[in-house]
Amino acid sequence: MADDLEKEQSGAAEEVSVEQQLARTDEPAAAEQARADADEADAPPTEEQAEGESRPLDETEQELLTRLERELGDAIVESADAFGMLVVRVKPDAWRRAAEASKHELECDYLSFISGVDWQPAPREGDEAGGDTSAPVQPTEMTFGVAGSTGRLQVFAHLESTKRHWGVTLKTDVDASAPHAESWVTTYPGADWHERECWEMYGIAFDGHPSLRHLYLPSEFEGHPLRKDYPLLARVVKPWPGLVDVEPMPGEDTPTAENGGSSADADKGDGADAAQSADADQGESS
Amino acid sequence: MPKLPKPKAPGLIGGLGVTFKTMLKGAVTVQYPHEREDPPTRARGVIALKEENCTVCMLCARQCPDWCIYIEGHKEKRPPRREGGRERTVSLLDRFDIDYALCMYCGICVEVCPFDALFWSPEYEYSEANIADLLHDKEKLGEWMETVPEPEPLEVGAESGKK
Amino acid sequence: MQSAVDIGWGTILAIKTVVVLAIIPLGAIILGYTFLLKMMAHMQSRLGPMDPGGFHGWFQLFGDGIKFMQKEDVMPAQSDRRIFAVAPAVVVISTFLVFLVIPAGPDLVVSNLDVGVFYALAVSSLAVVGVLMAGWASANKFALLGALRAGAQLIAYELPLLLAVVGVVVMAGTMSLQGIVEAQQNGSIFGWDGIGNPFIFGQIIGFMLFLVAAQAELTQTPFDMPVAESELVAGYMVEYTGFRFLFFFIGEFGTAFAFAGLAATLFLGGWAIPHVTDPGWSNVLGPIVLLTKVMLVAFLMFWVRFTYPRLREDQLQAVAWKFLIPIGLANILITGALKVAF
Amino acid sequence: MSVDFAVDRQAWRHLADAQVNVELDTGDMILNLGPQHPATHGTLRLVVRLDGERVISADPVIGYMHRGYEKLTEFRTYPQITTLINRIDWLSSFANEVPFLHGAEMLMDIEAPPRAQYIRTILTELSRIATFMLFLGEMGLQVGALTPPFYGFRDREHVLNLIEAATGGRFHPNFNRIGGLKDDLPWGWINECRNGMKVVLDACNTLEELVAENEIFEARTRSIGIIPPEVGAGYGVSGSNLRASGVDWDLRRDGKPYLVYPELDFKVWTHPDGDSYARYWVRLQETREAARMVIQMLDRIPSGPIMAKVPRIIKVPEGEVFVETENPLGQMAYYVISKGATGPFRVKIRSASFSNVSILPWLLRGVYVPDVITILGSLYFILGDIDR
């Protein structure tokens, strides 16, 4: 009989969700349609999107942005679209205000996550990491993602509305000298753990947080592991098996660098770029 | 849709009925050492090495996320195929070890190998008492070659373009 | 009841005690093996132990026994040594004492007390003391919680157990177990005495009540709060290892055997087979008949144990005080009234 | 709604490294549930302050399983990362890879062929069924019934065998690639899958009869650990836990369309109560729904290539993308920041159980010890998901 009880309730829920479904299906479809037109209209290759001149926002994002601007005014520094998601960068002192605004104005009651980004490119280990050249070679100059950043560290969060089924990503800058940001625990209780993790991994203190203490790492751990300048220790200890010390051919003294040769020619002496080329021609030859 | 509400004995009695019915039905246990359940042909049990195909290009050792493939090779001169042609230099394997204590069976090496020297075999009974013996050398990997099954025919509607 | 060979009073007593001492671990093993290992396995669509001892793993529990005996008997550092050592003995002694009263044949009973039923129930509540001693002495928070729960539960379920038995005593007119067995053998249901009058018909409520209360006495699911695996890991037994843990295991299944024996005697006519009255035959067939009835009752108890989830602490007490005891009282009232009327 | 950690600083240091000895200071007793404890699916440690059997405060201590995935992804190429991330929620490992690869495909503007999309959705729903089958049995064990977990595991074998036949790995299929799948389905897999779905539907009926309709189970789970919708959303609880509190929100239908979900018609099950029983009931209905969805897909699977045209060395152009999917445990999302290299620059992994468990301190106040276990069981988290 408990099962019948569930049936009536679910029956009732069924009517409700069917209408919502009908109402909802046309809303995202429309948004999808708008974004698709926007893409065809100027068909920008993704590179152009990277230089910060972002694609025009579709109207759900436009509506989100206008609501936020109405609430925060000039605190919004920059906003852009990243594949159908609105990214808004606000001033550091308006971070908590942005949370309250999105909770009430945008009805974003669901906190997806809060985390940090370290935009500084990782120092190229090259030989220290056991000569590992399989790790992807990141560009060496410092570039910032969508909606830019002033300094090296940034806090970014994603909020969603369970009723309106839309979401927004908020970013704010953190000055690297004394990294701190306002805590969101008063508006979103779930932010407590996220901020503890962000403090532990990036060293960004959250003022107003009830008890900033280690979440993942043991209490006596020093250093902030997710910062780019923190080496990946596991790779320093063990020599990389992909390393090849090429002995010279019998009767020759220096290893002949055969092109398209089957044996790898990235030997110890080469610097980063050789590894890069080794990777590249490795790709072509095979 | 959810099953027709058959006359519902109170949950407590219904529960007893379920356990009683299962008691009468047979058990599903496969008594391992005596009976064996053979894994499907695509199961990733162990990696087998076909030594002749390997040209010591080190791609598998480089791409392995766990760093568990150790390769050493040397080069040799070989008479040219056509007379009067240039002498060929061929790379030969001295050592090709896979450390199954570290391996996570992801299959990147088998896939990335440009010369199809590595194959999957569904063999799974190679546990060792001493963990050091999990480092399989070239001969051991060669032995696994016999257990490599023929690739299965694909499902209807599959384009058999790829290998 | 003159036995065939006239041997001294002392030796008879010695033989009987030895037989009882032998039956209890054997009974525990039979019950444990058939129900805990094989029946539970088949109910969960698996086979249970197959290898030890060749045919269907019959040697499994004997092997366990030997294993426990040679295991190291660890005592936690901060434990109260003497009480920790004695606790399992107290639990097992209460089981031994119950067996003294259960009859397996016309003269196959250690001592046919006139107040047999009263004695059996009084002695079975000794286990509470043992459990509390074990829980407190092993200086472990989980054990402490388990023991406190066990104490509250065993006390709460003594009452329904008694009330269930009172109905039987009212119908049989006597408290001695042999008397109850005879009452059921010679009784008749409204004149028809084809199978005598096993009290299960007259006392169906009493039988159900007894089963539920026995389930709680044995701390079996749905009343296994004291030994709740997912919360208290192993309740009061958590710090015990080796031979002492074996005592607890024998205690647990010995008590199950004892309660099943009591239920069989009180409600299913004990060792008696209707119309077979000559003592020679009864003495031989009695134990076998009793064993089958015990297995039947034990099947019911273990069947419930493997199917139901566990009640919470306060729900468990509520079931006892608000539900079982009023039913027990009502049952006595009705039996008394009917007894007087007929 | 303020969070009150009314414990002074000194106590925290003492609490975090408390050895397990008897600390009976003025009545309340500190009990360490875990890190090795049968009720926690893995190494979660719950430092619980008890007054008798009632919980005053519960502080989950996590990090025993922390493998530092976000740091590792900065040193890996994309194929290597897919082998890494399917070990986050190891029960539904195929479903972990879907959002990450979808993000990478969006960045590279590559579309997987329709047949690959269908097989991906089928395997996602199969891993959802495998996870929920285990839960439906496991919840019985948390509440004390010995038999349901065996039924859960027995019927889950069929699904795992299907996944192994298609991908080669029971737990870690490693079958997903950027732009499609590694291989196509083996011969005879589709009707093998149909029989599997019949077994799953029967198993759901058996477990419903054995556990969901059992009055003792209802007595143990009804109105225990109620999560109001707004508090749940505030803590970031997602998936079946939130739908059990009446929030009609399922990313497969409401979020950005991904895989072939827009073409399927499936019902999103919600339950108004928000207690442990509702969470069990919602997951039971969702298992049935997933089985029906798989049967729908099996009838409509198109033929065609399995892999789109993808360069040999994958270099993902610069950009940021946030992709979220409805994983069995809740909302799983990846915020992939790429700078045009063979590996991502930064990947924020948003796993569902992290937030589902963060509600425990709020949820467990004033609860009995046995109910702590029921609530832990009903939230259904996986440790790898919490600790990453």
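Per-chain numbering from 1; labels A, B, C and D assigned in written order.
Criterion: a contact is a pair of C-beta atoms (placed from the backbone, for glycine too) under 8 Å apart; a residue touches a chain by one contact, two chains touch by 3 or more.
In this text the structure is predicted, and so the values were computed from the model without any measurement.
Listed by label, the chains touching chain C and chain D alike are B. Looking at contacts between chains, the pair that accounts for the most C-beta pairs is A-D.
Once the centre of each chain is set as its mean CA position, chain A and chain C turn out to be 64 Å apart. Here the spacing of chain A and chain B, counted between their Cα centres, is 34 Å. Chain B and chain D, compared by their mean Cα positions, are separated by 27 Å. Inter-chain spacing, taken between the CA centroids of chain A and chain D, is 21 Å. Chain contacts: chain C has residues 43-46, 306-308 touching two or more partner chains.
Annotation for chain B: residues touching 2 or more other chains are 2, 8, 11-12, 15, 18-19, 22, 28, 63.
The residues of chain A that reach two or more other chains are 2-3, 134, 286, listed in rising order. The full set of touching chain pairs reads A-B, A-D, B-C, B-D, C-D. Put simply, chain C touches chain B in their complex at residues 39, 41-47, 50, 303-304, 306-308. Looking at the complex, you find that chain A touches chain B at residues 1-4, 7, 133-134, 238, 240-242, 244, 247, 249, 258, 262-264, 282, 285-286. Of all residues in chain C, only 40, 43-46, 78, 139, 141, 145, 221-222, 224-225, 228-231, 233, 305-315 touch chain D in the complex they form.
Chain D contributes residues 76-77, 79-80, 83-84, 115, 147, 151, 154, 157, 161, 164-169, 172, 174, 182-190, 205-206, 209-211, 213-218, 288, 301-307 to its touches with chain B in the complex.
Interface residues of chain B, counted against chain C in their complex, comprise 12, 15-16, 18-20, 22-23, 25-29, 31.
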